[in-house]
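Structure, as structure tokens:
Labels run A, B, C and D following the written order; every chain starts at residue 1.
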Amino acid sequence: MDCGMATESADSPARSDELDARAVERLVFFSDAVIAIIITLMVLEVRLPQLPEHAGDAALRSALAALGPKYHAVLLSFCVIGLFWMVHHRRFNCVLRVDVGVVCLNLMFLLTIACVPFATAVMAEHGGLTSVLLYAGVLTAASLTSALLWWSVGRESIVGPNPEALQEMRIATLMSLTSAAFFIASMGIAFLSTSVAQWSWFLVFGTNWIARELYTRYRPQ
Amino acid sequence: MDCGMATESADSPARSDELDARAVERLVFFSDAVIAIIITLMVLEVRLPQLPEHAGDAALRSALAALGPKYHAVLLSFCVIGLFWMVHHRRFNCVLRVDVGVVCLNLMFLLTIACVPFATAVMAEHGGLTSVLLYAGVLTAASLTSALLWWSVGRESIVGPNPEALQEMRIATLMSLTSAAFFIASMGIAFLSTSVAQWSWFLVFGTNWIARELYTRYRPQ
Amino acid sequence: MDCGMATESADSPARSDELDARAVERLVFFSDAVIAIIITLMVLEVRLPQLPEHAGDAALRSALAALGPKYHAVLLSFCVIGLFWMVHHRRFNCVLRVDVGVVCLNLMFLLTIACVPFATAVMAEHGGLTSVLLYAGVLTAASLTSALLWWSVGRESIVGPNPEALQEMRIATLMSLTSAAFFIASMGIAFLSTSVAQWSWFLVFGTNWIARELYTRYRPQ
Amino acid sequence: MDCGMATESADSPARSDELDARAVERLVFFSDAVIAIIITLMVLEVRLPQLPEHAGDAALRSALAALGPKYHAVLLSFCVIGLFWMVHHRRFNCVLRVDVGVVCLNLMFLLTIACVPFATAVMAEHGGLTSVLLYAGVLTAASLTSALLWWSVGRESIVGPNPEALQEMRIATLMSLTSAAFFIASMGIAFLSTSVAQWSWFLVFGTNWIARELYTRYRPQ
């Protein structure tokens, strides 16, 4: 027996639909809570180092200025995680029920997102080649698990007989793979210049937008 | 395709309304979770410094007393964030659907709120001119993004053809701008006296109340 | 205008009820999130102190044993916060709508609960008279704000014309005042013996149960 | 009076069912929030130790590699907590109402799960016999409280007159007891070899699957 995970149920269809909706809601809720914790704690982690007892205002100002690279890294990661959340938010709105595969892939996706603050902290504090590769590697992993997740969501048993939703999930899979390719390319760039690689990440927003336009225009319909 | 973000949908209107409501609920939920984490961690951050191994009761009492400025700062920030949350709580109750603009502005708003504990900690520990300017600056940023958010919410595509809600959002925008002006003014005061500037912040509650009365009375209806 | 905070609304009653329910749900959700964070972080805070690099198993065992008072304090606080949450959980189920007073008192209540982990940590680390007084003081404050909260909830505009709910809230107020009296009494006991005071707190569960029985039996109906 | 906890209510059945559903939803929500915080903070806890000021890339790489045992332990615990959450997720979908017993047992269950990150950190940092016993002990406690929880949920007053749900809860109880037996056995193995004991934990997934198959096949129906 299985209450509300995608399955043939002996209950009346209405009751079954309600249980399905409840299971989806709980999964969405759990994901939101995890992402909210990750994104908030990453910002709260920006702390002033301990200054000497009676440090003057000038010392405080220079300590604040020294946090510069941290601000930059946290802001970038805030945007990246915020973008991942926004697409998760929009796409799970199409989901009518979930099965074990979707739940597991969603957990894996959350795990990769949970690694972003670690990579952010390492990059903010060191900033050499290794830390840039680490950051791009974590985002590659997040993009790949995203691709797997949307590919798995794009089934009739998940979104129902809804051609638009199925199409959307196919586009989502392709866009996630594009992002992954993008981050892998930035790892190559990092060997030439770490700054160029870091700045290139801001392009992922634009790339995503262009990719969506292209896929939407030339979709095989 | 777009499931539930404000958009012309081919679905039946009832199904579409339900999807819209779900998208709003999730956004509200995410905001609540982020604010709950921020406000709670700020309070939990108040910790006793490590005392020597067998410190007596007198040492403990004086260590507790030394946390005084921290209590004051955290209590102030608790009230400020609580106030921001209360108006968010009340106003999002009017929102029927969201679009990408509202979602992004809401994320920006959460980001500025997430900076409050940092400014609070800096002010509690240092308390000079720089930290007072930092605190007022963060609250100015939060007020300005609030103004943008409520201005963006105050559209028919968001709250529906509801003149009262549209009016409420116009008042909300003006009140947020008033708060911003207030905090900017307190930055000027801080150059004369940091204590006066700090105490003036408690006036924001009263100012907000007066501003609401004025706008409500002389609204162009 | 006011969407869903207890108020006379020009909307249809059904729409208004739905908005009210949404406002209550969001308040309940926010409270749950704050309490979940508090209770979880308090447990997660129990950490092993840094042992020397290649400490053997015996050193680890004695370090684990040395955490004894911490386990005891955290377990006590877990039960206390869990109890507060359970009654909050049960009583807010009767609430049909909220107003600004209830929202503010609920925030104050959450603030006092958020102080419990601080008092717990101080007591676990020091355990003298001052820390016992601090702990009992925080729980007194939590009980008193609880009493205020349930007194404020026990109005027809909040729970509807429901005599049983009104009665329940009157009992809740009296029980919270009983708890407050209990914790104040334990502060007196602490001057004689801190251990007796600490153990007496476990009695609050029994006291609450007896008080409920008495109030229920002799209620002025 | 009792609003929505399993009880004979004078209200109309529909209203009562709605209150019950709300109480269940809130319990489920609270559990999800606690588990989300536990699982996320455990991952966020993986931090790089402070490196010397101008450490080169090689130092960073070796510091990252030195975190190896931590990655392994956190990944294991992520899977274990994820598994506990998934079954909680699926089984609470059958729950129609809750009583005080279920609420208390659920709190106890959350408390044992909240101890997993502590045991994980101790094991990652020390890895000797004591830490392996501690980890297995925490998981034994979590399995036993799980068994109690599902045994308590498997009553008609909780899941309704639903033979399949009652059967599911009986299987859940037996599976939890099987897991407990498994972790106790691994404590015996640890005295012979701690590595074998650690690797054996990954078998709990397989064991659970086999146990489910056996119980389902030979159920007394």
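Simple rule for what comes next: a residue touches a chain if its C-beta (ideal position, glycine included) is under 8 Å from a C-beta of that chain, and two chains touch if they have at least 3 such contacts.
Here the structure is a predicted model, which means the values were calculated and not measured.
Novice: If you take the mean of the Cα atoms for each chain, which one ends up farthest from chain D?
Specialist: Result for max centroid distance from chain D is chain B.
Novice: Please tell me whether the contact surfaces of chain A and chain B are same or different in residue numbering, using the over-half criterion.
Specialist: Under half shared, hence different.
Novice: Rounded to a whole Å, what is the gap between the Cα centroids of chain B and chain D?
Specialist: 36
Novice: Cα centroid separation between chain B and chain C, in whole Å?
Specialist: Here chain B and chain C have centroids separated by 25 Å.
Novice: Give the residues of chain A touching no fewer than two other chains, as numbers and ranges.
Specialist: 29, 33, 37, 41
Novice: Once the touch criterion is applied, which pairs of chains come out as touching?
Specialist: Result for touching pairs of chains: A-B, A-D, B-C, C-D.
Novice: Spell out the residues on chain D that touch chain C in their complex, using ranges where they run on.
Specialist: 1-5, 10, 19, 22-23, 26-27, 29-30, 33-34, 37-38, 41, 100, 103-104, 107, 110-111, 114-115, 117-118, 121-122, 125-126, 128-131, 134
Novice: State the interface residues of chain C toward chain D in the complex, per the touch definition above.
Specialist: 28-29, 32-33, 35-37, 39-41, 43-44, 46-48, 51, 55-57, 60-61, 64, 78, 82, 85-86, 89-91, 93-94, 164-165, 167-168
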